[in-house]
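In the two complexes below, chain A is the common chain; its partner is chain B in one and chain C in the other.
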Partner chain A sequence: MSDRIDSFSRRKFLATTALGAVAATIAMPSVLRAQGAGVKLGVLHPVTGALSYSGQQGRLGATLAIEEINAAGGIKALGGAKIEPVLGDAQSTPEGGNAEVEKMNSAGVAAIVGGYASSICLAVSQAAARYDLPYVVDVGVADNIVTRGLKNTFRFGPGFGVIAKTALNNLVAINNQAGKPAKTVMIVHEDSLFGSGLAKLLNAQLPQQGFQILETIPHPTPTRDFNNVVLKIKAQNPDIVIPANYYNEYVLVARTMQQQHVRPKGIYSVLGGAASSYKFVKEFPDAAKYIMDCNHWFDPRNPKALALKKKVEEKGQFYTYEVYMNYSCVLLVADAIGRAASADRAKVTAALESSTFAGHVMPYGPTKFVNGQNQGAAPVNTQVLDNDIKVILPPAFANGKPVFPMPA
Partner chain B sequence: MKSVLPIVSVIAALAVVPLFVQSNVTLNFLVVTLLIALAGQGWNILGGYGGQYSFGHAAYFGTGAYVTAILQVRYGVNAWIGFAAGIAVGAAVGAIIGGLTFRSGLRGSYFALVTLAFAEVLRIVASVAPITGAGVGTLIKLDLRAQALQFQSRAAFYWLILALVALSLLIAWLLERSRFGAWLIAVRENEDAAMALGVDATVVKLGAMVLSAAITAAAGCFYAQYFLFIDAGIAYGTWISIEALLTPIIGGVGTVFGPLLGALVVKSLGEGAKLVAGDAPGLDLVVYGIVLVLVIWFAPRGLIGTVADARKWVLHRSSRSVREAGHG
Partner chain C sequence: MLSPAILIPAILNGLLTGAVYALVALGLTLIYGVLHIINFAHGALLSVALFAAFFAYQALGLDPYLAIILLAPGFFAFGYGLQRFVIGPASHGDDRNMLLITLAIAIILENALLYAFRADTRTIDVPYAFETIDFGFTFLAVPRVIGFGAVFIVALLLWLIMGWTDIGKAIRAVAKEKLGAELVGIDVAHVYAVTFGLGTACVAIAACLLIPTYYLNPHVGNAFVLIAFTIVVLGGMGSVPGALVGGLVIGVIESLSGLILGESLGQIGIFLLFIAVLLVRPSGLFGARA
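And then the complex of A and B:
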């Protein structure tokens, strides 16, 4: 008798548990639906390959934004729907990005954020355009990303043309303010799109502003020795040195100049690989001193930007531009989905087109998209002062005053 | 391979895939795989049948891609004509590089190094020359019309690249059966002996180089039309030189199906590794690398070679057991 009861209860127990498990699995989606189904968002970065560091920083920024949105109750207009990131690795190549767009499209994402490198952004935007899938470029500065009439592509940050123009104007302004101490310039640039493009532009524009260009020195990436380049700089003794190169080369130029005691009146860079990097300032404080840069930067007066900085640093990461730009882009998309009150692609695209989003952490003017480019986007000028990076221009966002010429 | 039947059946089997598979993810994967197979077949003609190991097939891939793109973007030439021109110019670059290297009698690792150098020179030139868009690269406008050689459906692209692969398989098959192919293999096995028998080694190698360059250039043309963006690093980068030689080596050097099989295996491994690794960055590449090492370790003659070895071994054993049974 007791045996029978035992076996019965054990069987019953097993049966109910199994049934319960099945029921829970089946019931789960409907429970989720009651809260508002999740909205999928493609988060696409080159997290492996040559650009992996930048890609991982970008992914960090995007996922932090998604976590914050979800923690604050998801997208309210969709009944508190949570954002579900669909992470993608572009493997630092355009075709890698292209393959991820296919995957994200079949996963049913509402939009894609990311890309980082211009070449990946170009490929991804066209692949996404096939599916009318809204795509927000996080960094990619090549001007032709947004000048091809693709309805789905949006860039929240500034393009190359705007950055170069701002850099030039600000250089003239800083020099004029100091009583025009600088007259001669030397340019050291890497020989791909960004460096050569910039050197070409500076060679055309700087003479018109009264500067004399002594020499323009191109170098490939990677270059691991700048002794000869710095010797040339030393021989010509320019007032201003303009380096335009990626992180490692930038650090090397600055350090070699320091070692050879080359102290021009100013080191001024545009999208400098290291100038606006906390990593550089922390690791080589002496070489970094007083370097000026025109680059992407967060709004130092925005408490939200500073809170994010704290959060990123608590994770043991550097607060690089990839982080806050992706963070802002995800917030921008979430805002658009909220206003569209739908994850429908056409509606999200329309909402992005008419966006006036202000809840970001960038030092931008009012958000307004024209042909996919945010008209409010602009770079700022930074300078390494007191072992920190301060914004020196424009005055509306500045938290430091330019020190030029560099004290001896 | 005596009959053309295996080629026909493999291509027929692949051709019906889009009728059953709707997923663009899968089709995109297959398109990229076939693209690599095509580039690999180009390498296989010269490297597999001719024994000339080129490390610079990017030179032809990139030339095909750039010619297709530049003719369209800068000169408004129709994409189909651009495609054909890309193949022709790619072949011409093959003739130039081949002419220079073979006439100077470069063999083995010297030949490999010089081809690598040619591809690098082209990469550097393309990264500064205004006509290639220098560092900015060249972007073909999205224009989804068949006249512009762009298709809304991935299936159309798939059939196009499959047709090119079929053609390349047929070329390899014809090569195996032709007098020219026999000369080429003779040069591979022993160049001096072949010359002693009256084979003009330089001309034979040059012919193989042109054919090889044309096929790899076709892969480059297709790449440009499919991805619509190229820059110096993509077109002339070492990645494609490596993919083009890796696939036939994995699949089976100097065999008709080697590159196709190799591309399928290598690309499936890559995708499979991604599934296993999930979102952890780079883990898939680690898995991929390990599996690749294992494949090369256990199948040094390529997969087709290993299968052939295994078949021989089985046949040998069974014939021996038959003999032994007969003795018994």
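And then the complex of A and C:
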């Protein structure tokens, strides 16, 4: 295995240095030409393969933002230069992401936005760093994306550590507010990095907050049948069930629980695959009712976010987090290019570092990057109420009140 | 932990899941066991059938169980055509060619679905999807119980076709002695195509039984195919009762090993059993001794 990687990277190194030399000579004049001409922006998502739905949603958000910027007169500091998207497909693999970075670099992009999955973001950030190419992570929550000291990498959204901490605090807050009806918890998680990492963290933290964890049940992705898992839940009758899995499995768990008449006091998820998905709520309103989630979400009080929602829904698409996160990231980059008044990579990177961008649609605090991580980024808590998804915490962005415990 | 209150429902659930595995395997056992085509396209055909059932419901308002009447003959014709005009002529009678051609068909079908419908996961919401039968000690989902019954009817029909009709006899003759069958005047190309068509029709019925409680996306069929191959070998190549019993056994084993070892390791049980059976009975549970 290590042999393969070594030879791969050696070959790749030779290829990329050669490419880089060529790209540098090509990129130079294109930077000079950038005034008045277009600014190229890499839009990189996994639009085919296992993650293709999320990737396509991400691409939609990014291209909508680019269309809006161009329709409003392009980047004014560059004489109204239009943003030209260079679309890339990571094919749901880190290698696919790497290959696209090479192509985008040769195409002379000023920056790259996207990645989606943590594994792709890790690979892309590293590949982009070789060319000092500014890279804005759209979703990827793994903490080490921004803790490896890469100067080119910026994450506008929250990382896993912040999300998990917020989720725990909010769970305790909701439970306290309701008079502490919940004491026992069961966790159902998928067995890769995301679910297992979360389960480990919850197992360490929840007991300190006075919760007893009855059982932690891992399962693979895909899992076709959750009857056994739900039987176990039924037998132990926990107050709260915490599912941590991707969309299909999340829906199956919720549907099977409904089918087996399992009604805990609450279903609470952290980055739940379907918990804050309009698609799930629309297709299975009964199974989705009252489910709470701590996840990425738009600011429901921001008119721009609601206008975008309308636009996306008019296209017949669901307004998922990939859409508004990519939309916001593209606006962030366009703002940085405008302030840098240049498509020069070093200048754009510097402009991102000092960004205080506020024109996005997320429920975040003031934008401030420290080591590439936006300190204002935070998840919110949502709950499925009245066949809609409402923000219930934090109060500053809430448009609904938590209903807990679930009415029978 | 493993009280009967969990154990018995788990076994029942395993049987219900196993029945659908069995139906997918029935289609495969005909194609694989009789024609010796390692049909990699079986999973992709299942995905296509799920999409067909999905659109029959969404566009025509056709209940999935009624859609069987439409889809089973439709997919029979599709399978017949596929074998008669694509796989048969293109393979020139070489097993290795067949393997590559079915693989190519699988790739084409999956990507066509991906291109046409994107990778989005879809579900349908039939009114009875959440209805359960209360047995006192457990709830069983109505659609899964219906599916269980339907699988037995299909298996019975297939068994009757194979045993008592001319085409069934011809299929068995071709499977045993292709040259001999040709010499006594059996149209081998036609028999191959009919068998492939029957196998594909089984997949279409399986799709209609699955869709009320399951989801679909262009890759969904793959999850069933490895298990179906296991069942075919376990039950004995080409054996209808073998596929049925094999499917039920695999369903229960998967359910129980999932319960005991954890869902992540549930499939270990299947393959341990598989190896054990092959060591003791290499021709499978119901296979003729070589």
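Quick notes on this structure:
In this section, the second predicted complex is superposed on the first by the 373 of 408 C-alpha atoms of A that agree within 3 Å, B and C clash if a C-alpha of one lies under 4 Å from a C-alpha of the other, contacts with A are read in each partner's own complex, and residues count from 1 in each chain.
The definition used in the following text is that a contact is a pair of C-beta atoms (placed from the backbone, for glycine too) under 8 Å apart; a residue touches a chain by one contact, two chains touch by 3 or more.
Values in this document were obtained by computation on a predicted structure and should not be read as measured data.
Overlay on chain A: chain B and chain C fit together in the combined arrangement.
In the superposition on chain A, no contact is made by A:D388 with either chain B or chain C.
By the document's definition of touching, of the two partners only chain B reaches A:N105; chain C does not. Contact with neither chain B nor chain C is seen for A:E67 once the two complexes are overlaid on the shared chain. Using the contact criterion defined above for the overlaid structures, shared-chain residue A:D344 touches neither chain B nor chain C, since it reaches no partner. In the superposition on chain A, A:S52 makes contact with both chain B and chain C. In the overlay built on the shared chain, the residue A:Y247 is in contact with chain C alone; chain B does not reach it.
Of the two partner chains placed around the shared chain by superposition, chain B and chain C are both touched by A:D191. When the two complexes are overlaid on their common chain A, residue A:E313 makes contact with neither chain B nor chain C. Once the two complexes are overlaid on the shared chain, A:V229 sits against chain C while remaining clear of chain B. After the two structures are overlaid on chain A, the closest C-alpha atoms of chain B and chain C sit 5 Å apart. Common to the chain B-facing and chain C-facing surfaces of chain A are residues 48, 52, 56, 191, 220. Interface of chain A with chain C (complex): residues 48-50, 52-53, 56, 191, 217-220, 222-225, 227-229, 231-232, 235, 247-248, 251-252, 255, 258-261, 283-284, 286-287. On chain C, the positions that touch chain A within their shared complex are 3, 5-6, 9-10, 13, 17, 114, 118-121, 123, 125, 129-130, 132, 138-139, 141, 213-215, 217, 219, 223, 255, 258-259, 262-264, 266. Within the complex formed with chain B, the residues of chain A that make contact are 47-48, 52, 55-56, 87, 89, 93-95, 98-99, 102-103, 105-106, 118-119, 122-123, 126, 129-130, 142, 144, 148, 150, 191-197, 220.
Listing the residues of chain B that touch chain A in their complex gives 23-25, 28-29, 32, 124, 127-128, 134-137, 139, 141-142, 144, 152, 223, 227-229, 231, 233-234, 239, 279, 281-282, 285.
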